[in-house]
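Residue numbering begins at 1 within each chain, and the chains themselves are lettered A, B and C in the order written.
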Amino acid sequence: MYRVQTRTKASQIAGLLALGLVIVGIILPAFASRTMIQDLFFILSMLTLAQFWNLLAGYGGLVSVGQQAFVGLGAYAMFGGVILLGWDPVPALILSGLVAVVIAVPTAFFTFRLQGAYFAIGTWVVAEVVRLSLATWKTLGGGTGTSLPRTASDFWGTAQVAALFDVRAAAARDIVTYWLALTLAVATIGGIYALLRSRRGLALAALRDNFDAAKSVGVDATRMKWLVFLVAAFGTGIAGGLIYLQKSRISPDAAFSVTDWTAYVIFIVVIGGIGTIEGPIIGVLVFWLLQSTLADFGSWYLMILGGLGIVVMLFAPRGLWGFVSDRTGVQLFPIRRRLIVTKGE
Amino acid sequence: MIWLDTIVQGILLGGLYALFAAGLSLVFGIMRLVNLAHGDLIVMGAYLILTIVSVLGINPFLAALIAMPIMFALGWLLQRVVLNRVLGPDILPPLLVTFGLSIVLQNALLEGFSADSQRIGAGLLETASWNLGPVTVGIMPVLTFASAILVIVGLNQLFYRTSLGRAFRATSDDPVTASLMGIKPAGVFAMATGIAMIVVTIAALYLGMRANFDPTIGPARLIYAFEAVIIGGLGSLWGTLAGGIIIGVAQTLGAAVSPEWQILAGHVAFLVVLLIKPRGLFPRAYD
Amino acid sequence: MTLLETQNLTAHYGDFQALFGVDIRLEAGQTIAIIGANGAGKTTLMRSIAGVLRNAPGMIRYDGTAIGALPADEVMAMGVSMVPEGRKLFPSLSVEENLLVGTYGRKIVGHWSLDTVYRLFPILREKRHVPGTALSGGQQQMVAIGRALMSNPRVLLCDEISLGLAPVVIRDIYAALPEIQSSGASVIVVEQDIGQAMKVASTVYCMMEGRVTLSGAPGTLSRGAIHAAYFGAHA
């Protein structure tokens, strides 16, 4: 008798552990310091961006260097919802995702004409075009940027949280954005994992592993590229909106920064291990550790990060997680289906 | 008349972009490698020339001549030690390694030279100009454009008239068969990157003499170079010059409308060409 | 004198093993032939000797040196030159440039030069400025042979030079063999055409599924034995 299963022992333990971690994450604001909540917000939002970039490059073969376009668009869409439409910032985050998708359609239309490395720079050009265009929009602050209006600072949930934990409004805002970031990160990881395990996801893995073979058995490569690109734009847009809700001040140069929203994210994924869900998780922790120990060294910190990325790519191209996984065989998010021989009958 | 002037300035600016692009085009043509650190290497070249000028107190053109062999050696080593290891069918490793290199270079330059903007002084050349009736052209832009043409003629001679050029083309066609003919692809690639760095040095000279520069401006130069290469069609150096001119004219026309439109107009021109002719204006017959 | 030999040569493509202990020997001045059906491992053998596939050093000895682990360009520099299967002309090079690539980076002394190659294949002189890939199949094969000769090799490896060519064209190409031999080159020809191989070689090796299944001088091999070695005993 045979059974097909994707579960492994490690994945079951990891599942339970993850559940525990999420529960701890939810109740954490009751006893954690405000700095810790802010650090965690940073980690979770970078993790979300990294997971989406990994989906694009590690699974979809779409090496984009222009994801800052969607971070910035998401951020500006949220600001636009608040400033132009008078929305509350939290529901305006939906606009972040939608605007990012709407712009992703023409972006894909242009950049999918370019192959490989040229696709990468093409996405960067589009990001520049979006940045420069928004810089001409005076209502949203033009080139110098703008702040969230005071009236928007008491967004959904802050009053209740302030009362519940007995904290000031500023701390309550941090807690709400933290919860949103936690939700987004969990939904992202869960969603990507579900996508990868679905029939579509298997087609995606097939495309990554053997493009021609996958095409010959009828996987529609173009459809998959579109799907991955739009999904990543949506998620990246929401993350961008959320990051700038927490910062509450925006400028085109910051919101469309290739270093902050793409270089860092790429290093997180590469150092952790591209093409796995575990990789970005490890990568973001390494990144945060490096940043908190080396941040005072300014440009040295970035040099080390870049150098580390190069070394990993040269000597351990599957990243830290690949290194561990190759030696131990452990998979926390198994995708491959295995045949299990069962006794009996 | 103002429009004629704007267009002439744009064409001359295109020469600068063609210089930025020629090295990128050369390396891509031979080994299908897109070096994301290309812009930062140009900026590094500008700092090198600046340093030579201020240490030896010599003319920038002479300083560039001294910088050339140094840059050649750096390029040769970079290819030999790092980039040759990541060439292959998977495009991710070379992209990420050169992206990492870009970040490292930018920050090393920041650490070494601070974020202050600098300029390579060129004395009278900076302001000298010719009055040609309806338009006045600066000597510097004309020199830049002439250098771009010389570089392209030189590279074409190298490609089509020398045994190294044959080896470049043969390796680009089929590295395995080239190695059967006694060509060492790793060595050919190192030569190609070395030569590209000589072109980078020339681009750096004009970058530094024409305007202020600082360690962060590399990526924008990479983008202009890339746009020129794509507009021209991969593998065609004259096409690259045409691409540079299109970007240059679009930028000066944009700037004439409003300063904040300058860069944007260049990018838009690129997207329009991409829309109409996805393979560029002068695509290679085979690839 | 033994010029080139393989000893217990094995070769792999990833996990797939393509050669299982192949032994062949080429004496100086000799021409030998490798025959075998599609997929037998003939090309793999040639690529191993030429250095495109790397092996343990001692598996291939040339002129007394272990060359199994050397890269292709070094093997070529020592005097082993190959006409690859499928001709593999460089599409962006003209006929003459294709020929000249064979001399890249070294001073050539010996019988072969542009002039002698053009004398061997006169049609190439007429077409010397045409892109190599614009020629007919037979002419392309001439360019590929000429290109390999330009370095004045001591060993010439010819992988299926008659593949896909009309019989008259094959005859023209094989007509060049005597001059190649008299220039001092020892030759290994890979052929699927048993008759052709028998005509030119003093020793024939028959391969099947990565092994040498039969070898000997053409006169000593019976039709039945060749048939069995070529197609397998059950065929």
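By our rule, a residue touches a chain if its C-beta (ideal position, glycine included) is under 8 Å from a C-beta of that chain, and two chains touch if they have at least 3 such contacts.
Just so you know, these numbers come straight off a predicted model, no measurement behind them.
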{"item": "Most central chain, Cα average position", "value": "B"}
{"item": "Top chain pair, ranked by how many C-beta pairs fall in contact", "value": "A-B"}
{"item": "Centroid distance [mean C-alpha coordinates] between chain B and chain A, Å", "value": "33"}
{"item": "Intercentroid distance (Cα basis), chain C paired with chain A, Å", "value": "55"}
{"item": "Distance from the mean Cα position of chain C to that of chain B, given in whole angstrom", "value": "43"}
{"item": "Residues of chain C touching chain B in the complex", "value": "50-52, 71-73, 76-77, 81-82, 84, 88, 90-93, 97, 100-106, 147, 151"}
{"item": "Complex interface listing, chain B residues touching chain C", "value": "163, 166-167, 169-170, 172-174, 176-184, 286"}
{"item": "Parts of chain B lying in touch with chain A, wherever the complex brings them together", "value": "33-34, 36, 82, 85-86, 91-97, 99-104, 106-108, 110-111, 219, 222-223, 226-227, 230, 260-261, 263-264, 267-268, 270-271, 274-275, 278"}
{"item": "Complex contact set, residues of chain A against chain B", "value": "57, 63, 65, 110, 113-114, 116-118, 120-122, 124-126, 128-129, 132-133, 135-136, 143, 258-259, 263, 266-267, 270, 274, 298-300, 302-303, 305-307, 309-310, 313-314, 317"}
